[in-house]
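Shared between the two complexes below is chain A, which has chain B as its partner in the first and chain C in the second.
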Partner chain A sequence: MRVPAWTAAGWTRHAATAAGLTALSVVAYLLLKGVQGDRGQVVLLVVVWAIALTGLNLITGLGGYPSLAHVSFFGGGAYLSAYLLGKGLPMALCALLAVGGTMLAGLVVALVFSRTRGQYFAIGTMFFTAVTNLVLTNAADVTGGPNGRPVDLGFSLDTTLVLLAASLGLSLGAFYALSRSRFGDRLRAIREDEDLAQHVGVPTARVMLIAMVVSSAFGAWAGVLFAQYNGVIAPSQFTFVQGFLMLVAIGLGGGGRLLAPLVGSAVVIGFTQLIKLGPGVSQIVLGVLFILVTLLVPNGILGGITALRRRPRPTAPDVPAPAPARAKEVAS
Partner chain B sequence: MIQVLVNGVFLGCLFAVVAVGLTLVYGVMEVPNFAHAGVIVLAAYTTWSVSHAGAPFAVAALAGIACGGLVSVLTEVLAYRWIITRPAAAPAVALGLLLILQNVALRLYGGEGRSLDTPYDTVLLKAGSVSLPGVKAALIVLAVLSLVALHLLLSRTSLGRAMRAVAQDREAAAMLGIPMRRQYSLAFLIAGLLGGVAAVAYGPTFQVSPYMADDVLLSAFVVVVLGGLGSVWGAVAGGLVLGVVEGLGAAYVSAAYQSAFGFLILVLILVLRPGGLRSTNARRVA
Partner chain C sequence: MTALLTVDNVVKRYGGLAAVDGVSFTLDAGGVLGLIGPNGSGKTTLLGVLAGTHDPTAGTVTLDGRVASGRGAHRAVRAGIARTFQTTRLFGTWTLRDSLRLARGEVKGRTSAASDDDIADLLGLDGLLDRPCGALTSAAQRLAMIALALATGPRVLLLDEPAVGMDTGESAALAAAVRRVADRLGVAVVVVDHNMHFLMPLADRVLVMAAGAVLAAGTPEEIRADEAVIASYLGGA
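Entry: the complex of A and B
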């Protein structure tokens, strides 16, 4: 249920969220600026992934469709901006064209696959990512082949950091607005029961199409920033395993919840980058963790926390009764 | 030209064996079994390590096939069984299993490719200008044999009849007293054994590595879509069609983009014939 925007409670809620996200951006900037070396790389990856995953959270979290194509949009933004920058265009234009071009690709993918249901959608988007990766690896004159290509410096490092931190807050804010709009409600309706949604007049295919195009924009912009910070990009950063890990991050965080991209990417990046368990082991742990969360806590970490907080505590009888059940989405 | 077609048939048999395993599982349990690639990888590594330890190739092959069946049943018992009431979670769980199985292989055997030697490595069948290496011929023979065996099982035995009943209507089958859990395990067992056959048969033509089955799996999924999810004979026909198309594409357009032709076909089917070439009761498009 939505908080009506025109009530005082609604505005307080929106203002609190805006303040929280602004604070998050500031913290992100300080961390990006202050943390050096390997850990700095981890902070960067978490921020970049959180921006990209905000888009995935629309389609997978709200809409319930497991998209494995998101990593291709991420890679598309990175490669397109690097290619255009190599042609000598100004950076702002490159970024714009890269995001626009990727959205166009997203539109084509969405036109084909937005009509397909769950399993077929997963198979189709997975294949799309595999083919994108094949192109990145083989079209060596444009993409630099399997070893990747360098990226010219378009933004100064400090501009990139500011943009990263600001984009984190802004994209989460955009998600907040979208998820509380009619569009968000329609996506949720599709997730709950697509047949019923269609029956009551939700144009399901069109909503999915728009969600996919919008989500590709988030992915592409994150890719542009990632390429600028990293300075070199390679196909191995955009494989379908990465695409699947993005899905894992959303599932672990709690699909459809505002902070799921941040929590999910922190867990996934933390597991793969910080904890050195030897090759493969961290991914095995992630796989087991992901299956357990899917089986036991379908709403992810954030959903689990919310459920725990809301549970009445029978052991302490004189605790005042919990507040009347509030709307599920509000508490996230 | 004929050489290209023969190569296409080879690919097609490979796709068919993998795709039949996928479609059987989907028909019975409605799970897109991405973990099948992991099963194939582990079966191939088992074959490699047994034959590397000095056992004759036939023993190693049987060990690999058995390993495929075992791992496949394990995925069902440990994971898929628990989401039978929530089909929406199936793709996520399947991909999680794939991640686990591939990384187990990576952990146990390392990332570098291993080559699997067979007694028929050096055989080369020739008919006019067309040549067929023994490895590929063995794959075609194995594929045909195992598919015929599967056909006999499905059409002539009571087990097969029960499995077809489950695929047609799960609730009605359960009401008639068919033990569902046994059917699930059986479907995964057969799929795993077929995966093992695929691993033993095509391991020698490629290298054995943790990611050897990714491309094959994707192509096999295209085959399954082509034939209609849940349709065994659709998968066989689709496998041959896709194998020939990919073979032609690789020969006349670009070998590097071989699996992209499969994707092209997938897109074309979804746009033009949303019901699949052969319609089944499995629904895929809104």
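Entry: the complex of A and C
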């Protein structure tokens, strides 16, 4: 449960978190600016995914609903902003409409699947992503078809980098605030036991609906920035497999934890982009790693680290151990 | 004076099966109603209708003259009807105090009669508020479920087999705790249980269900002497 906000300990923690996230944004900017080539692309993807996954961390990490629709919101932001920009609208308005339109899609998904839970919710959202990807692939006039479409430059490169770095800190900050609010408590209660949550008065359907819509906004904004940086977007970047990898990233990082999106993104992107094990092999290795983490540290990498730090240290025994000489005597 | 809780001809059908078939009763503040009957007689389904878990097919549940049925579980809680479950259900990784805080926060508009410490005192959970619910003993967890329901400041408390798994001493302590809740907080309590040694001394009135309908209703003494109830359920108990 959260640290109460109106205590000295609470304020100290909030201030430390704000300072840490500001520092993280600065480091992200320096890395985005300084690292070039393939590794630069990896840094970009880690930052973009971390922003997008912060939304998924709300619905899946805190709320316990395994959403495979998140990659569609990510793609929705990218495609909508690119399409509107192509129509000559100002970039700020394009971004706003792209995020708003995607939130509307999030609302529809939430309403359609409001009566499903667990694996049924996952299957439902997986089909949403499959259908979205089919539309992106086949509506060639608008989306450019399977080869994708170019994205006009709305923000300058430096503005995009600043926005990416700032969005990382701000997204995580927003998650921190939400997770420590009553809304965050309600989501945790739903994850623990949704029926019980209802019977202590939590309007679970409404809470999950809001979580889905808010979550889609993070995904869409990340999509807008991704499209701006990348310059080209294609349906292959927003497939069901990518959606599943996003879910894996949250699980690996430690669902519901503040830095889970960043840690999860770093591991998943690192495996798929940096370790060249051949087509598909890195994903198999990633799958094995996911199984191992799930079995050995069910709360993810960050959960495992927290558990290690909280493990009581062995203390010196009060009674001295028997002397070896005595042991020998007994043995003889 | 009108009753606090009025259950009027409630029916709950699943296809052709009437799990609850025209049940009616009233309950006053501070009263304890025992609900007994064989397995499958509709007790838990009736509790579900009262708690808003299930919508009734017909009939109404009114609390203080206002319709409280068919509006969903969270609205029933906000109206003043709280429940516990047959199996232990708690937010296992949370402390009991955190769980109570969440429940209290959901009914902000309605002042809860008892503080966390009052609830712990009433139920004999002193010293356990700051422990994770999952780490409590089985009997303490059953009491913690009641504590969680009480934190919503209910006017009607529905207990579904609260004494299951308890030994004689624990169920006697539970009966005393439930009586304290009814007497001190003025909460009307509906208790479903198969343990007659626990239920009969606790209940002011008993309703016997069979095949979804009311078989008999009366004081525990009247029920014990009812031939139809003895034949269909109590036997020599």
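Please note the rule applied: the second predicted complex is superposed on the first by the 314 of 332 C-alpha atoms of A that agree within 3 Å, B and C clash if a C-alpha of one lies under 4 Å from a C-alpha of the other, contacts with A are read in each partner's own complex, and residues count from 1 in each chain.
Just so it is clear, a contact is a pair of C-beta atoms (placed from the backbone, for glycine too) under 8 Å apart; a residue touches a chain by one contact, two chains touch by 3 or more.
It should be emphasised that the depicted structure is a prediction, and the values quoted were computed from it without experimental measurement.
Asks: On the A-aligned overlay, A:I284 touches which partner chain: chain B = first, chain C = second, or both, or neither?
Replies: first
Asks: By residue count, is chain A touched more by chain B or by chain C?
Replies: B
Asks: Given the touch rule stated above, what does A:G64 touch, chain B (first), chain C (second), both, or neither?
Replies: Once the two structures are laid over each other on A, A:G64 reaches chain B alone.
Asks: So, A:Y120: does it touch chain B (first), chain C (second), both, or neither?
Replies: It touches chain B, and chain C stays clear.
Asks: Applying the document's definition of touch, where does A:V202 land relative to chain B and chain C: first, second, both, or neither?
Replies: The answer is second: A:V202 touches chain C but not chain B.
Asks: Between chain B (first) and chain C (second), which, if any, makes contact with A:V241: first, second, both or neither?
Replies: Touch partner of A:V241: chain B, not chain C.
Asks: Can you give me the overlap between the chain B contact set and the chain C contact set on chain A?
Replies: The overlap between the chain B and chain C interfaces on chain A comprises residues 198, 204.
Asks: Provide the residue numbers of chain A that touch chain B in the complex, in ascending order.
Replies: Answer in residue numbers: 64, 66, 112-113, 115-120, 122-124, 126-128, 130-131, 134-135, 138, 194, 198, 204-205, 240-241, 244, 247-248, 251, 278-281, 283-284, 286-288, 290-291, 294-295, 298.
Asks: Residue numbers of chain B touching chain A in their complex, please.
Replies: Against chain A, the touching part of chain B is residues 26, 30, 32, 34, 79, 82-83, 86-93, 95-100, 103-104, 106-107, 111, 214-215, 218, 221-222, 225, 229, 256-257, 259-260, 262-263, 266-267, 270-271, 274, 283-286.
Asks: Would you pull the chain C residues touching chain A in the complex into a rising list?
Replies: 51, 53, 72-74, 77-78, 82-83, 85, 89-95, 98-99, 101-103, 105-107, 148-149, 151-152
Asks: Using the touch definition up top, name the residues of chain A that touch chain C in the complex.
Replies: 1, 182, 185-186, 188-189, 192-193, 195-196, 198-204
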